[in-house]
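Take a look at these structures.
Common to both upcoming complexes is chain A, partnered first by chain B, then by chain C.
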Partner chain A sequence: MTIPFILNGEDVVAQCSVDKRLVDILRDNFKLAGTRADCRSGLCGACSVIFNGRLVPSCLIPAFKVKDGEVITIEGFMQTLEYQDIISGFNQTGFRPDQFCATSIILGIEALLSQNLRPEPQEIYTAFTDIQCRNLDPNQLVPMIKSISEIRQRRLYGRSA
Partner chain B sequence: MEDLHNLPHNQVFSPYNLAELFLFWNKFPDAVLFSGGTDLLRGQTDRLFRLPQNLISLDKVDELKKINRTERYLEIGSAVCLSDILRLGKIVPEALVTIINSIGNPRIRNIATVGGAIRSNHRYSDLHAILIAQDATYELKSAADARWISASKFVASGPELLQEERSLISRIRIPLTTWTYIFHKKIGHIHRDDPEGGTFLLLCNIDKDIITDLRMIFVGSAIIRFKDMETNLVGQSIPLGEKNIEILLKDCLELIADKIPDKTYLQNTIFRSITAALDSIV
Partner chain C sequence: MVETGRSSGTLEELILQGMLYGHILRSPVAAGTLVRINTPKLSSAYTLITAHDIPGKPFLDFYASHMPILAGTQVHYIGEPVALLVGPDRTKLEELARATEIIAEEDEALFECSIFNSDRILAKKTVQDKGIDSFFKGDAVLTEATYSTGIQEHWYPECHGALASYSYDKMLIRTATQWPFHVRQAVASVLGVSVEDILVEPTELGSHLDGKLWYPSLIACLAGLATYICKKPVKILLSRLEDFQFSPKRPASQIALRTATGTDGELIAIEGRPIVNMGASGPFAEEFISRLSIGALGAYRSSHRRIEGYAVQSNIPPAGPFAGFGFSQANFAIESHIWSITDRLQQNPLEWRKKNALCKGDTLLQGIPVRDPVPSEALLDTVAAMSDFNRKWSSYELISRYHRSLHQFPLDKTLRGIGISLGYQGNGLLFEGSDKGTFGIEVTLEKDGTLLIKSSAIVSDEETKSIWATIAGEILGISSSQIAFAPIRTDEVPDSGPSCLSRNTTIITKLIQRACEAIRKQRFRDPLPITVKRQFRPTKAQKDGLPFSMLSWGAAVVEVEIEPITLKARARGIWLMVDGGKILSEQRARISINLSCIHALQWATGNGLSYTEGIISPDSMDYYSIQLQDNPPPVYLEFLWNDNEQPKGIGELPFTLIPGAFAQAVSQAIGKPIRKLPILPSDIERELRSREEQA
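Moving on, here comes the complex of A and B:
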């Protein structure tokens, strides 16, 4: 099957069977290794990508669903200013995600802040219920997201809330 | 069924409206409807998915993605993602938000649809509990006609009803009832099909220390609606009398044992949930 879609802002075409997973298309056809395939059941978050504006586990997206869609992987997201905000927030709070969880945490933060720039602590905890990163202290989560949110507000509006 | 999955070629149809969908479905009666796919692909961890030979993708059917709100109810298209319901904000009944937040994880809720959650036989389909308690109704649409069915009737008939009538759930109508007190407990192992699992839900309205409305339900391998308990407790003032509660709990225990025989763990867990829910109302 020929699957045209937008990958990290570029029009691309993948040749694969309809039953192939998006995570495998990204890794095999486009050599984007930042998206990892681990549990293959949508639980671990290592294969997270932004698909049509939503954070989804790419291991649960069959190839035919990708047709005419838009996919942003961690590699594409790393080229954006939003990524720089998140990294600045990590540096400010001293958080270092391990390599395995980095994709899910960074894209998880982006998905949360793109919907609500000033999330409530409860929203933050709900958005990160499934992330089990050894480096991520639950008490550190709220101050970290708030710090990233302030950095982003300063960049967008020239001031924080 | 296994042979069906192993056929070399899969066909995927992407209709743009319901008329086109039924046209494909009539041509390929074995075709499986595919929206989020979380239920169909659940438990498949091989490199390639084992898909049915014919699939009808609902991604482009806009009629199934509409959300309407009137003064009395919320009407949701069956292909609306669970997370989209949460994004509607404060108009969504709090009990529904609580239940949706307990389904899967935020990533899965971004692809799983409300129709899929209702259609699923899996115990994750916690939505049944709240939809029955809220007196929701589903629109079943077939090529020829459409009819509304209550959530409790649909669950009792099982998803086979859709197969028999060759119909699909197109809309879900949820009355916007608000509750002052919500008690929700998931029972059993959350990451696998647990025959001893399910959802217990208690919704209660209290006005001036008097219980004005109460719904109590367990949905799992069996559906138990504690109607005697509901009618006995409505109109009572809190704190509830201990003796009265004891009698009601005894009746509940008999009902549970009758509905779910031979599952002692589940029986005890439901009973403990009821006790905890009533304790916390007081």
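Moving on, here comes the complex of A and C:
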């Protein structure tokens, strides 16, 4: 099957079977290894990508669902200013994600902040419930996301909250 | 892929030209004899490797025990590797594995350890006190109970795996391990070659919680064996489910305690019988039972002590360390036990602890001396003040006693309780056998003024390296940017031992300090480059089983709320006071302890993971979660600042302190002792029901 979709801002076409999972399409067809293939059952969040503006586990998305959609992987997101905001926030709060979990945490933050630039603590906890990472301290998460949010607001509006 | 400041990549990313994949075929029975393995017809690209193909020793050596690399004739647990399928296509390998029939004659399997024969004892620890029985017969207040703790899954970032390939005439093993030289020795032994012929290059380790101490050696042996036979690079990477079901977990334990206390609450005699279920083979069984036995006495003084501890073999997958070797299980037991004592004596648990805490000059089990002053009073008083313990404890106690006087507990109301605990973390060496070599580091001041530090110590964060660089820079008066760390490869760095039990903080930091001080003395006398090697040699006392060169102390308070209807216990707040010696980086220490608090709490309240008929059900993974995002409790942490110049390990303290305090808080809330971990709503309901039946 031929699957046209937008990958990291570029129009691409993947030749694969209809039931091939998005994580395998990204890794096999496009060699984008930043999307991890771990539990393959949507539990760990390591294979997270932003699909049509939402954070989804790419191991649960079959190829036919991807058709005409827009996918952002960590490799594409790393080229953006929003990524730099997140890294600055990490440095400011001393947060260092495991290399393996970094993809899901960074994209998780982006998915959250792109919807709501001033999330409440409960919204933050809820947004990260599906990401299993031993290095993720929920108490550190709230100040870290607030710090990233302030950095982004300063960049966008020239002032913080 | 993501720039997080780390150098080594993950195993998953490594793909070599012509690389094959390995798929482990596992035993379907918990005990029995392997009859045959029926595979579908394999094409020439696919190879089946069994125990008969191993050229060297067919087992992993653990000083006191052996573990088969691949089961020969006998199988000892469900999921034990019996053969390895190797081929170029992972999907095809999975298909072949599904079509393969492993036939074994099943024997009776033993999963429990409450009753066991002497032939199942892997390690034993006894400390006798002949006169102790008289104290249990007199006027003393006797308290007796058995405490049990469940298994805990590590859920490290990347599953276990290894990639073996040839690098000229040597075999190169890449794996995420805490102990690269153990991997090297294990692979060399299995292949029957010299250790010089094996190179080990660790990959990204992440937060391992001691789960990658010895198991990577087993997977590396399988990958190395496949490469040796197929002459091609071979990668084995367990799936998350495979890892979840068959990799080592924190072992389950049962600890029976009996104490005799005076009417004023002074601890007169204590008797403990810890039993730990080590699963098949039981690597580090001696280590576990030794630490469990010491921990069973807690941080309290008692002139009469008797311990009879057993590490028992069973037909479940082998257990492994989880942020330490069993000390926290034992501390949970003694701290929960103290709740029963103080409840009977109607004493304030804070005062009881202050009265009975160890002091300088006291001894731990087997005469291990407490050399430094114990800041127990300062820790307890400060943590009590931070948490407003005395006021909360008194009011919750009043409510609890009122509830106990009622015929039925008011389940429509939120119940609250508060618990306190005191404990320590033994820093330094492993116990029996495993750490008695000499381990070292090498530091070179180069001609251009840069400093190169060589060590095989694996750090899970870059902060530790920056601390080492700062220390070295301060001693030698050079900037941190001129200090580099040699990439870890077993032929390029000296053996610095396993990276566990806070050794990096305590031993490696000291060695780097000593090496830099030696360079400082030499550098204006000798020409550059100057290379200094420093080794840690255990003293005779340490070799004889007195391993704690220093103790780091801590006290914790946990306040708990039990939700009405659901009966779910939820921590409302955690207060911690830690004496960690010289704190090298306060920010790092806070992050590390806060994370450990969450992991410890997850163990105390977790999903109750367990083996059923020798296996963790695959469905368990669907609802298993390591996160506590749903209203995580705030953690208030303070350090006891003093003039101690020695940095101490502190990462394991939350595991030692929090479960015990949490259990006490639940006990106070429901007016019944809680004697098991994790504490599930069903346990609380059962205790409340039994109370009503008694009433």
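In this text, the second predicted complex is superposed on the first by the 161 of 161 C-alpha atoms of A that agree within 3 Å, B and C clash if a C-alpha of one lies under 4 Å from a C-alpha of the other, contacts with A are read in each partner's own complex, and residues count from 1 in each chain.
The working rule: a contact is a pair of C-beta atoms (placed from the backbone, for glycine too) under 8 Å apart; a residue touches a chain by one contact, two chains touch by 3 or more.
Every value quoted in this text rests on a predicted model; they were computed, and no experiment measured them.
Residue contacts after overlaying the shared chain place A:48 against chain B, while chain C stays out of touching range. After overlaying the two complexes on the shared chain, residue contacts for A:60 are found with chain B alone; chain C is out of touch. In the superposition on chain A, A:126 contacts both chain B and chain C. In the superposed model, A:156 lies in contact with neither chain B nor chain C. In the superposition on chain A, contact is made by A:39 with both chain B and chain C. Looking at the superposed arrangement, the partner reaching more residues of chain A, out of chain B and chain C, is C. Touch criterion met: A:18 reaches chain B, while chain C stays clear of it.
Residues 39-41, 43, 126, 129 of chain A touch chain B in one complex and chain C in the other.
Interface of chain B with chain A (complex): residues 10, 12, 37-38, 41-51, 55, 57, 59, 81, 83, 87, 101, 104-108, 110-111, 191. Those residues of chain A lying in contact with chain B across their complex are 17-21, 24, 39-43, 45, 48, 54-57, 60-62, 64-65, 108, 111, 115, 126-127, 129-130.
Interface residues of chain C, counted against chain A in their complex, comprise 1-6, 9-10, 12-13, 154-159, 204, 206-207, 209, 239-241, 461-463, 587-588, 591, 594-595, 598-599, 621-622, 624-632, 634-635. The touching residues of chain A, counted against chain C in their complex, run 33-34, 36-41, 43-44, 74-75, 78, 87, 94-103, 106, 125-126, 128-129, 131-141.
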